[in-house]
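Shared chain: chain A. Partners: chain B in the first complex, chain C in the second.
Then we have the complex of A and B:
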């Protein structure tokens, strides 16, 4: 690991005897946090979407579910209870895509080029960016869970604790997907395509809104498609964790998808080989 | 990446729910069996064959005998709960559905749905002691704690018939809402509660005067009023709370027995029929006829904990310590 003195503008001491990569990590997290805090509308917008689903959509389907008990549930539940982990997934998904949008913006503005010229491995810089986005996404998800608890949908306290690593794994995977997409998107205007071709299919073809057995009732092929969707596994990982239970398959698929998306994203950002080379 | 849930989950699963040891015996109408549920492990530990269409089930006071209404066999079966062996049948009259064992542990009062009579059987001599003519399709049965009054509710006549156990004669008839299914004495025998399935109500009577004291109605958000069909109900030992099975509304209502107000509703399986407390009264078991399972409700939190599969169309339930 590189350890070197790295003078930073406005601070003569910062960085002395501190590992350079962590200065970069702190700076990126700090920048993303500032950016998030300066956009209060972003927090509200990120919460309004799942809350509308919870209070309006789920309320209408209150009695529609509950004929089959599938793990982690041990008894009958209302649709509102079922949908909460899916809506947490929705927050993380939109957050991942949002960071993809801001990456495109950064690239257009030139700040991404500046970041990537830092004397640090590219994967580390992108990883820092991913971590910063994930931290904010998990905080948004907890804010949503707090509102859901006030509404009467509560989980075991251990579940709230164990949801943190599950949500972290899910949001890193979705953030890595956002990173990957951002390396393919040339301009901000193309982002609408991401909405249509990534967010909607990923969300609707998953277990976020309906359990897989319900999908199988409509079409076994639909169920298979949902089972292949890494977002399904991210949601199931969160769902199980919220009930203080583990789901090895969901964890394995989520982590595997994270590694694949991450590697492709790092490749995509490589100026010599990736998508950025073609764009330049 | 570390994921503590994976390590902790097996420990959580292995941790038993806090409850005293005991069993809940559930009659399965379609399977002609009894499912015995262990109240600590929360799983079926024994399945015992019975006569045809078992419904009402009750233990004697020392739990050495269990009585089962085998409705389609037109008999009440007497079983040794330790071995699960049928010891003998009792002459019950036709189509026995519900019954109640008097506090003397000797007289079994049985509702004969098809005959419009209540049959009294001496379980020691195995003889019919008396038959009391009641309304059409008698079903719900209750006995006062002092053993002096027995109630039969008749589904079609929509009445609660008050029977003097000494004379074996009806001394009062009180109207209730449509299709009364279940009756229980409350407040040490001062009140009588009768559930009306079609009427969707519970009528509370003052026992001393046989006058109507209160009417309890139910309303569950998102569920049609005609699906709210109160059937079986049970009281906590302190008599302050009543739990009412609401049939196809798939909920159990929790009622403050002093104010007669519904406190909350608990979601259970489909077509909930009857209820039974675990021996320590910390859990309530509901028989869910259509979904073929039993939902366990934690009494402290009033939350459903688990639903477990039993036989087809579970109906009656009784606890055995």
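Then we have the complex of A and C:
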């Protein structure tokens, strides 16, 4: 993999006493935020999906699913309370995938070329894009948590605070996965198919909707699959953080998955070795 | 030092050779037309020149900077107008330029000044506040050229920039870019339209990934560049 250095400070186009990489980062975050705000339907769509699950699905399952006391919970909880961290994970999962979908769209439309021909290391440019998408995803998740609070599902104030880094780690990991997929997918039509093979298995084979011990009752093998799924660990990281608790295993798996997905994505976009070198 | 040097570049798409030992160089301040029929390898060459992908073999030097060894320095000295539009249609003309300026490390008042100067140069200053989506095809192209000049590049690459434009817009844009070359900018203008090439332009004719002719357009084409081009590329008139 080609390791690129940042442009030398003080060159003709860098100057002005401001570091070039951060000027670019700010511009990319600003652009993505403007795009998000101009697409009003996107925020609504991102919230409707988890809210339907919360208000309809969870209400229906409350009676069917009894939950015992497992950490981080210290007492019996209703299904709505259990499902909220999983639905936060759902928002981050869909948002991460949508962000990478827009990368495929950008590439088809040509605007991706503008980004990739900027005089900065490609890994940095992709990282900026990932960070911008993650910021928007976390804001969406907080909007959902606010509605859940109005519905009566509240967490400790410290939990809301600690959820921010947990959600950031989760969304960066999912965004990196999306980035990886976008580097291997050439057309939007193919992307839709891959989404079905990624989003749904990832979501349903996780602890988002049901605890792993419950899954083990149905099938120990399924439980093992769920335990291997990095999305399970992302959800657990958020669940523990919302109760102001840490979960070292969940954090380690989430960060490790982020590093692996990120490295493969950077490889995929590498001009000499990745998928961009295989087809124009 | 040449403005742009392409040295023994080869690239394959699977089993198909798209560029086959391509070499040419363009002096600073020269307008060079890269003329070739569809499938000649022009877009592949642009992909390689802009480092969207690396060639299998060969070397590219932009204003003295080797693309393999100093990619950022080489890209910083290059302005590009891609064949497909790369504008953000939801943003204003100026906002599009400021976004690009930031990708090149420019911000604040300096970026504003340069963006307005570039727009002014292309006769687009009064449209700075308009949404890009409201511009017609010719003005969008001018805006993309203005954007490619914001960071004051030494080399300007344009990949079939007049595709889809009416005759008046084509003529105006061709004239603008010739003027830029006259002011000292090195220009590589890819096209398959012979009438965009002037007798005094540098001309490289590309066909099936190889250079068929390289020299002054008037010398290569003689009285009828169109006939010469068709004869060289083996197409029917």
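As a convention for this text, the second predicted complex is superposed on the first by the 262 of 280 C-alpha atoms of A that agree within 3 Å, B and C clash if a C-alpha of one lies under 4 Å from a C-alpha of the other, contacts with A are read in each partner's own complex, and residues count from 1 in each chain.
Rule of thumb we're sticking to: a residue touches a chain if its C-beta (ideal position, glycine included) is under 8 Å from a C-beta of that chain, and two chains touch if they have at least 3 such contacts.
Being a predicted model, the structure only gives us computed values, none of them experimental.
In the superposition on chain A, A:24 makes contact with chain C only, while chain B stays out of contact range. With both structures placed on the common chain, the touch criterion links A:121 to chain C but leaves chain B unconnected.
With both structures placed on the common chain, the touch criterion links A:245 to chain B but leaves chain C unconnected. Once chain A of one complex is fitted onto chain A of the other, the partner contacts of A:111 are limited to chain C, with no touch recorded for chain B. When the two complexes are overlaid on their common chain A, residue A:173 makes contact with neither chain B nor chain C. Touch counts on chain A: comparing chain C and chain B, the chain ahead is C.
When the two complexes are overlaid on their common chain A, residue A:266 makes contact with neither chain B nor chain C.
When the shared chain is aligned, no partner comes close enough to touch A:137: not chain B, not chain C. By the touch criterion defined above, A:234 reaches neither chain B nor chain C. The contact surfaces that chain B and chain C form on chain A in the two complexes do not overlap at any residue.
Of all residues in chain A, only 4-8, 11-16, 18, 20, 23-24, 26-28, 30-31, 34-35, 38, 109-111, 113-121, 271-272, 276-280 touch chain C in the complex they form. Every residue of chain B that touches chain A in the complex is listed here, in rising order: 1-9, 12-13, 221-223, 250, 267-270, 291, 295-296, 304-307. Contact residues on chain A toward chain B in their complex (touch as defined above): 59, 62-63, 66-67, 69, 74-78, 158, 162, 165-166, 168-169, 240-241, 244-246, 248, 251, 255. For chain C in complex with chain A, the touching residues are 13-14, 43-44, 47, 50-54, 71-78, 80, 82-88, 90-91, 98-100, 102-108, 110, 151-152.
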